[in-house]
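Heads up, there are several structures right after this.
What follows is subunit A paired twice: with subunit B in the first complex and subunit C in the second.
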Partner chain A sequence: MTSSIPLINALSDIVGKDHLLYDAEELLVYECDGYIVEKKCPDVVVFPISTAEIVEIVKTCNRFEVPFVPRGAGTSLAGGCLPVGGGVMIALTRMREIHEVNLRDGYAVVDPGLVNVHLTREVSGDGFHYAPDPSSQGACTIGGNVATNSGGPHTLKYGVTVNHVTGIEVVLPDGTVANWGGPAGMPPGFDLTGLFVGSEGTFGICTKATVRLTRNPAAYRTMLGIFDDIQTATRAISEIIGAGIVPAALELMDQGIIQAVEAAFKFGFPLDAGAVVLIEVDGLEVSVDDEAARIKELCHQVGVREMRTANSEAERLLLWKCRKQAFGAIGRLSPSFCTQDGVVPRTRLPEILQFIEKTSQKYDIRIVNVFHAGDGNIHPILLFDERDQAQIQRVIEAGDEILNKCIELGGSVTGEHGIGVEKINFMPKLFSENDLTVMQEIREVFNPEGNCSPCKMLPTAGACGMEQIERSHPGRQAAL
Partner chain B sequence: MSTTTDNPSAQPESTGPQNPVLETADQQVAAGIPFERFLDCVHCGLCTSACPTYLETGDENNSPRGRIYLMRAVTEGKIALTEKVSGHLDLCLDCRSCETACPSGVQYGRLIEPFRIGMQQQAVKEGKPKGWFEKYILFGMFPYPARLKLALWPMRVLQKTGLDRLVDKSGITRLLPQKLRRMQNLLPKLPPSSPPLPTFLPAIGEKRARVGLFTGCVSEAMFSPTNQATARVLQQNGCDVYIPRTQQCCGAIHYHGGESKPAVELALANIKAFEEQNLDAIIINVAGCGAMLKDYHHLAEETADLSDADREKLVNFAHQVKDISEFLHELGLLPPTGEIPLRVTYHDACHLVHAQQIRQQPRELLAQIPGLKLVPLPESDICCGAAGSYNLTQPEMADRLGERKLQNIRKVNPQAVLAGNAGCSLQLQATLKAAGYTIPVYHPVDLLDASYRGVMPAK
Partner chain C sequence: MSDVTSDPPQLTPTCETEVIALIKESYEQSRAIVVTGGGHFETYGYPLDSNLAKLSTVNLNQVIDYPSRDMTITVEAGMSIAALQHELAKEGQRLPIDVPCAETATVGGAIAANVFGSRGYQLGTWRDYLLGFSAVDGQGRLFKAGGRVVKNVAGYDLGKLMIGSHGTLAALTQMTLKVKPIPETGQFLYVGLKESEIETYLSSLVRTETIPVSVDLITPEMANLLSIDQSLELPIEFGLLIGFEGTPREVAWQLEKIQTEINTVGKPGVMFAIEEQFTDAVCKGLSETLSSWKSLSNEDQVKKLEKGHSDFRSSTYGNITFQASLKPSAIEKFVKTARTQGCVMQSLVQFGIVRGLLPDMNTAAQVIGSLREELKKFNGSLVVIQSGPQWDSTIDPFDYDSLMLTYMRKIKEKLDPRNILAPGKLFK
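Entry: the complex of A and B
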């Protein structure tokens, strides 16, 4: 599709000629986000600065009958920003103001393009933070978090994005501006904010969000459990949660990851350990020691080899660094990798891990694991070389097989990355036809023409004119 | 658009990894870059908001991930190296903030630098010579302290007689070419012309180390008191200090400007200047020069026609280089005692914090000065817009970043700003002066020196 000059002129009149791109060379970087399996260049990228400009852009797109899709930092791991069918990409990266911070009532009103961690940075001096902390929080935006209902290591205790967004301003696909909720939380009537969060851009564009600010815990205890094998480690995780303890984070790394991290960063992990689990509890000074002691006891009961405790803030940060920098180490193991995102009930973790190991052998693809163990959210990482076509095909098949197994075990194909375009084919396996029909009907209330974020989330999207894009490439993804 | 890489022999019957064949002139620009370096980038995007030019524009083409994508696409023959593409690559500050943010260990500097050298060489091949500014000022004067001092002499006279303000007011400088005018605006209050440091200064007290002092070119011409302070602080800390006269520019101005051959020649001259003294370390107080000196081992890898002996010397030299704050921190600072009752803030020079990963050391040294209160600067590790000669070659972005830095400094309202890099100091002084904000900019070592001597730092 060639971009039409009248469309470009109309958009240029709205945002100014310095704030749009339409040259092929400059559009190229917008052909994909963190998911690089499928690619498609938009015809135009616009950089609005206000809700009013977005309204005009949306109306213009409707007038020219072209699809449009919002984009934040482009860190989606499921192709959430892929401009299926081309059209206009609305980049929200210039809208990043913090409009209001109210610490007494514990909320902030922010622009959609604000980087997640910039909000925490703004309030950290006062002892607050914004709780949802995806590992991409240094780059991803609040608008993108709203669209995908993002999680992170600390969601086990603190909840995901929907638990922290109390109100939003949205531009609906017909250009109407709606305001739902606000600082006081949920008003009477439908929880439209809750409905919108996680709709992956299919209900419209979030242009402002009112979010909760959370007071920093008074104390932390961070521990590292070292296990001989991964089964014992997962049993310990089940025991901890089963005992009614809710750690702030519970992160598992398997032997492959340990060896890679150790080679790169020399943290002093035993190389023969089958798995390590990073456990953090937080709360009042008086309670954290008790909880930490109970966790240690439970780990010893299932047969942990060794428990280590971070004795200082520096040691705590070192442990977290090793978890968060795990990907740097993987980059050293193999030129390309593909991170899968699946969920199983916690008690089925040993089964899925065994299955992953079998799949790894079957396809001759090395797979390592690092994941949010507390909520059964697994992230098998498939290592390969993207220049080798044969490996690529095997990686795609192995990934699909693992996700199908997650469904079979009563789980789901995404814990936090979203459906996007990547996992759209799994939706009919996850939901009944009736379930999907209801979802489509709800979407049609907001997006009857289907031209806002077409072909995302739901398998039979309306008038999107999606070109079949050959899935020939499994992508290389970082950032859980 | 240039031709694509449709090379039948490279099509995937064989399943082994395939790298693109560099056929077109545009593709050849990347000839010096192993293709695997591009593959290190997994396109996660975590670097984007660490990048000053992305923070300012919001355009992914001006982000590290975007620039890697552009360079890779040119290398693969997917896009031509158009003016817009090279514009995005030229807008990069080479501040390496993205390397700090990258979880995959992408060596961004080792992509953009050789790529820009390739762009430069291609321009020369196509008969586009360098402009007068690069030829006479950037490469012809900056790397030579003597020439630079001579050129600064009229300015020194003007400042001394107070005529500089008259000249400013008269508006006569508007007749100068834009780059020279910007240089004039950047000039700090020049120190009185002083004789060079002696070639040897002995340790005071118990002898703890034997070091060389790299005095730099721009910094020696404009910040010679900081070099003197560095020497004194080293002496105070028990170091014999050697300052060979034969040392040269570190080569960064040439190297970052796309001229690798003169950079190698300067590197070898520096090695010769320092090699006879059997030193424990070579000390530098300018972050930009320090990053370049520590990069000599990459120079060794990337330069084809070098003898093995020279290659080894480059590698060994690179390992000897230490930033002054890094060295004093490792050696163990002998605590200064003079009180300096100032509220100050510290700006992280990109080439210290990102290129050399030196973040805590200067802060911990400053914390030992009695009476000094160090308040954290928001976005302390986002570039101030100086970035070597960037200030002169990309004035608009440099000004935007200068303004951003100024707003952050205003938030903490300090009595002085500290920075461990001559380029940052020039930019910060000029930005503060233009905003009518009369606070001084110091190098941390200026304050250490003042504390040892029991005086307040000179304004």
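Entry: the complex of A and C
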């Protein structure tokens, strides 16, 4: 599809001429999200300010028979907002209002374009926060989090996005506005809010979200376990989880990542360590020391080299900065990198990490690891030079082999990034034909014409427009 | 597989393959069936044709996989909640969802009915614990969604559709659940209060330094029922039951702390920590009293009530229970109104849920209408969760939003196109 003057005029009438883009150079910014392997420019990008404008945009797209796709900050990592087949991209970044904060009843109603961390900042003075905290929380939007059911380091204890969204307003692909769920108890009917979260924009466009606000813990203890090798570190993680301890966060960084973040942030990580594990417990002041002591004991039992504890809030925040901005530091290791997002049962972590090491050797591709160890959610990062076509091919094959191993170990190919366009080919490996047919049928309930976020998640969605995607090659990706 | 040739027929498959065959046969013959577990929610929703064949999952009751160190378990749908908890307890783990009548309630049934209790807000409900499932839809298609790992966003989260769909979309056959360690101890604090003080105390709890796993408000009439059913001897007044779990040190610290906090808010009535040995009775009572009451005959109810508080209406108790949803801050006003209409109530206050028993079958339609009017003021809603044999067909068990109803119908048409799974149970 190429943009037509009547379509542009119609969209301009809705959002105003200052709030749409159709110039080829300006559209380049929107050709991909954090997954840059596949690219396609939309024909038009519109920036609505209200639900009413989105309704009109959707109806206009339907009238002109062009596909449309919502986009938040574009930090997603699986091509979820790639405009397959071109069409209209509905960028939600102007809709960033906090409509209501109700601390008494423990919720907030927010726009989809609100940056995740801005909500926490709004309520932190009152001792509350919004619990899902993806590492990209300084940029990603709540609407994007709803679409991908985002996780983050602290979701180990507090749950992912769906556990904190109690209601949504959505514009369905036919332009209908639906309100499901809300702040009050448990309204009658199916849990369409829960179904919608994680549907990657294929059921419609989230235009408001009612989210839970969580009290800040009274106390934290943030520790750093320093291990000689990654196998010992993963054994420690298995011991902690196996002992029934659920810390607030349990994050592993291997030697490659340690070197990169140390160069970037000068925290004082030992550069010769095989791995470090960032462990945070939170809760009552009366209990965090006991829990921290149990964790330290388990780490010592498996042979931790050293356990450190953050002695101040500043030190704790610096540790978290190192973790959350680890991806930003990877540029020090390699000109390009490709991040994977697999999940294995937590006790299989040592196995998958050994496999990743062997895969690294087999394909002669350096792989570093920083991940949510407590959830078994791995993020092997494959380092390469995108100017070398041979390396690119090896990166693709190595990544596929790792994800296939995750499936073999009883896991999944995505814990938080989503399927998008990147992992469509893995869906038949995870799901049977019946499973995929049922999912396709549920999509048809909301999106019968398939014009909203086409060609995402399900291979049964067809290959409409896929031939128009520019297959580039793995390159630098945004932080997860 | 065995067919019991009584009326209505009872189908009791022993494996997934038999479930598929039975539903496929029903589909081909366009013959309606009802999927049942423990049978505790048979009177939920609109009344069904009493001659419908029942497909019971109770013989699908095996543990499929229990990697306890991963803190997940995969079981068949017909396993009882008690059997599940027994299995988990061997490894020091549990599923922290309060399901009444755990000996007979099944895992699949509890998911299908979305049963949960007081600890749900802090510890989660089925939507927080169901990681993956297999089910057979109304065409006899076996399908699954989710997986067996604790974090997974591959594919649509169809588990959310199964929860609370009461077997109208598919028959659950297997599920993988996240589990948690059993806490070392648990204890309740009882706080007596006046009706006019409810919101003062509830709002103060929002900022407590403690972390209660449950906060229940009980009306004096409910305190009476709870006392009778569980021999707890609670004061017959408005009461807050605040639950804590953890190590003995954590629980002791929190019990002390919250009493201090409550004393700074106002002058509560009697306040005491319920002795540890009664913790199970309180949990059981809070989850079961309203539902077990339903199973008593009127004569039994009257006898029990006569032993209770003199103010309690003991004439013609019906057996309709309801669940109202509203913002927690509106609970005081709603409870006050509902009590004047003779309702016996318990509130899961953190959720904004009030569950109650209606006073009289004869006035049920009028009272429900009146409660729904009251709830409109708070953007709330009301569902009838148990109805009686003398069902008044003028009472609508649900007050769906019209668009919700439209999409519920569309979803059912996809999974159950011949409308054979509990037809008419959730909508006509």
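Here is the rule we go by: the second predicted complex is superposed on the first by the 462 of 480 C-alpha atoms of A that agree within 3 Å, B and C clash if a C-alpha of one lies under 4 Å from a C-alpha of the other, contacts with A are read in each partner's own complex, and residues count from 1 in each chain.
One rule holds in what follows: contacts are C-beta pairs under 8 Å (C-beta built on N, C-alpha and C of every residue); 3 or more make two chains touch, one makes a residue touch a chain.
Note that the structure is predicted; figures quoted are calculated from it, not measured.
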* **subunit B or subunit C, by number of subunit A residues touched** => C
* Asked: Which of the two partners, first being subunit B and second being subunit C, lies in contact with A:Val197: first, second, both, or neither?
  -> second
* Asked: Thinking of the overlay built on chain A, is A:Leu278 touched by subunit B (first), by subunit C (second), by both, or by neither?
  -> neither
* To do: Classify the contacts of A:Gln391 with the two partner chains as first (subunit B alone), second (subunit C alone), both, or neither.
  => first
* Asked: Touching A:Leu114, do we find subunit B (first), subunit C (second), both, or neither?
  -> neither
* To do: Please work out whether A:Leu349 is in contact with subunit B alone, subunit C alone, both, or neither, and reply first, second, both or neither.
  => neither
* To do: Name the contact category of A:Asn149: first (subunit B only), second (subunit C only), both, or neither.
  => second
* To do: Using the touch definition from the top, say if A:Ala373 reaches subunit B (first), subunit C (second), both or neither.
  => neither
* Regarding the shared-chain residue A:Val286, is it in contact with subunit B (first), subunit C (second), both, or neither? -> second
* Asked: Where on subunit A do subunit B and subunit C both make contact?
  -> none
* Show which residues of subunit B lie in contact with subunit A when the two form their complex. => 1, 12, 15-19, 36, 39-40, 42-50, 54, 58-61, 65-66, 69-70, 73, 78-80, 82, 84-85, 88, 101-106, 378
* Structure fact -> Listed in rising order, the residues of subunit A that touch subunit C in the complex are 102-106, 127, 148-149, 151, 155, 159-160, 162-163, 176, 178-180, 182-192, 194-195, 197-199, 215, 218, 238, 241-242, 244-246, 283-284, 286-287, 290, 343-347, 372, 375-377, 410-419, 423, 426-427, 430-432, 434-435, 437-439, 441-446, 457-458
* Asked: Okay, in this complex, where on subunit C does subunit A touch?
  -> 67-72, 92-93, 114, 124, 127-128, 137, 141-145, 147-158, 160-161, 163-165, 180-181, 203, 206-207, 209-211, 246-247, 249-250, 253-254, 323-329, 350-353, 378-381, 383, 398-401, 403-405, 407-408, 410-411, 414-415
* Footprint of subunit B on subunit A - complex, ascending -> 21, 23-26, 28-30, 32-34, 36, 47, 73-75, 91, 93-94, 96, 113, 115, 118, 121, 136, 138-140, 264, 324-325, 327-328, 330-332, 335-337, 385-391, 476-479
